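Pasting in a structure now, in structure tokens, and then I'll have a few things to ask.
Just so it is clear, A, B, C, D, E, F and G label the chains in written order, and each chain counts residues from 1 on its own.
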Amino acid sequence: MFSRMVNGIERPLDLLNASKGKEVLVQLKGDKQFVGTLVAFDIHINIVLDNAKEMENGVVKKNIGFSFVRGDTIIFISPASTSLK
Amino acid sequence: MFSRMVNGIERPLDLLNASKGKEVLVQLKGDKQFVGTLVAFDIHINIVLDNAKEMENGVVKKNIGFSFVRGDTIIFISPASTSLK
Amino acid sequence: MFSRMVNGIERPLDLLNASKGKEVLVQLKGDKQFVGTLVAFDIHINIVLDNAKEMENGVVKKNIGFSFVRGDTIIFISPASTSLK
Amino acid sequence: MFSRMVNGIERPLDLLNASKGKEVLVQLKGDKQFVGTLVAFDIHINIVLDNAKEMENGVVKKNIGFSFVRGDTIIFISPASTSLK
Amino acid sequence: MFSRMVNGIERPLDLLNASKGKEVLVQLKGDKQFVGTLVAFDIHINIVLDNAKEMENGVVKKNIGFSFVRGDTIIFISPASTSLK
Amino acid sequence: MFSRMVNGIERPLDLLNASKGKEVLVQLKGDKQFVGTLVAFDIHINIVLDNAKEMENGVVKKNIGFSFVRGDTIIFISPASTSLK
Amino acid sequence: MFSRMVNGIERPLDLLNASKGKEVLVQLKGDKQFVGTLVAFDIHINIVLDNAKEMENGVVKKNIGFSFVRGDTIIFISPASTSLK
């Protein structure tokens, strides 16, 4: 459970680290939204998603597949288990 | 009480530090607004919120849950106890 | 009086330093405007305001309370005693 | 197969490295989309594409040919074999 | 006279230095325009203006008074003696 | 032929280097498009074009002549021999 | 003649250096256009223009006079002798 992880998170990147291999919801500037498995990230918040899907109102709009997403277009990243209820 | 904290705040990040574990209101560019518990932050003002909720006119619009928010999309962060009256 | 302070201001941040503990008007990009007491600032012009209020046409729109404002959204900061006449 | 590559990807740029010589889909800010062979990239995510084509709704709009694309206009880069299904 | 100063200006900041204590016209992004006395500036082109006035079509719209203006919102700064004819 | 050059291009700037003295198509943010001879470039992708022409839908709109173009407004640069077919 | 200068230009800033004391056309983001004598520039492409005039469709709209222009608002700078034909 993610809510139990709070104590282990001292820096923001710790959440990304704990989310590796898990499904995340990624909100981009300009209202694009992806769901996919977080494979990798760096300090610029560039990320790699596997099985990425572009979402619109909770519905899959397009399969992007494997994808490198540039950090400066990202608004937030959220473990899907906590955000897709 | 936050108003009594003023004397202890010498640098802006001191307020974020004092807000850890407390509920904050986060205003993003493009009119998005989150409320959640501040878990972590770094010098880029990247933050992690727990129990994050997207707000619209004071009403919860969506549960985001656990969330990493990129600093460069943030306008202001305010302890909810002082801003949500 | 602020107008007498001009001689003491050699670098822009000197004005912010002289405004600590005083009420300031903060103009943000996208037409948001805050009034509040300047508590702290850093070289990125991140600031902390106490008793922050969002203003619209000189009228208080919302109480934000204690607030951390990210520097890169700020257009100008003005001591309220000189700007709110 | 790209999906089998996940284990080899530890940093985001590893995906770009693995995509060299392969066809990629490049989404730019402002809704431009390119398809082309990834020839080179650097840490700013500047890239060179060969046989680049500007796409619109899955249809080729213009042949750009050999092209240097500046990293800061890129939203995501995706191996075409995984995204163009 | 400013036109005689051209020979003394080797770097752009030399013009700002020569304008200290003089009235300047400051054009901001998003069509805001200030007139005021240039008190201080730094390498980020953050500036302090005294007696700042927000202008619209050559008419004073608002007195801002003493003001710190963030450099990254500035388009140009012009000594008023040369620009307000 | 540019397509034969792919093997010699290891970093993105290698394409710009190989394009010196040749005609390039330069796409700027905000839909401006230039055609001109690439004379020089630096790591910020600032470039100098000779005989620059502003294009609109493949038609010359204005002669700009010799021109310094700031890198941060550039989306892509493409050797005209490969893009203007 | 500027066209004869091509051989002497190895880096983009060489064109600005060769344009000192000459009239240049400066295109800003957001469609502003200046014509003026280039007096100075630095590596951020901050420039000083003398006798600057704001142009609209080839017609002088306003005299700006002596002016410091911030580099990050500039799209291109072109020697007027080559661009104003």
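Here is the rule we go by: a contact is a pair of C-beta atoms (placed from the backbone, for glycine too) under 8 Å apart; a residue touches a chain by one contact, two chains touch by 3 or more.
Just so it is clear, the model here is predicted, and its values are computed rather than measured.
Rotation angle relating chain A to chain G: 155°, from a CA superposition, given to the nearest 5. If you average the CA atoms of chain D and of chain E, the two centres end up 44 Å from each other. Taking the mean of the C-alpha atoms as each chain's centre, chain A and chain B sit 20 Å apart. For chain A, residues that reach two or more other chains under the stated contact definition are 72.
The ring sequence of chains is given as E, G, F, D, A, B, C, with chain E as the starting point and chain G next.
Residues 28, 30, 32, 37, 39-42, 46-48, 50-52, 63-70, 72-73 of chain G are the ones touching chain E in the complex. Chain G contributes residues 2-3, 5-6, 9-16, 25, 29, 45, 71-72, 74-79, 81-83, 85 to its touches with chain F in the complex.
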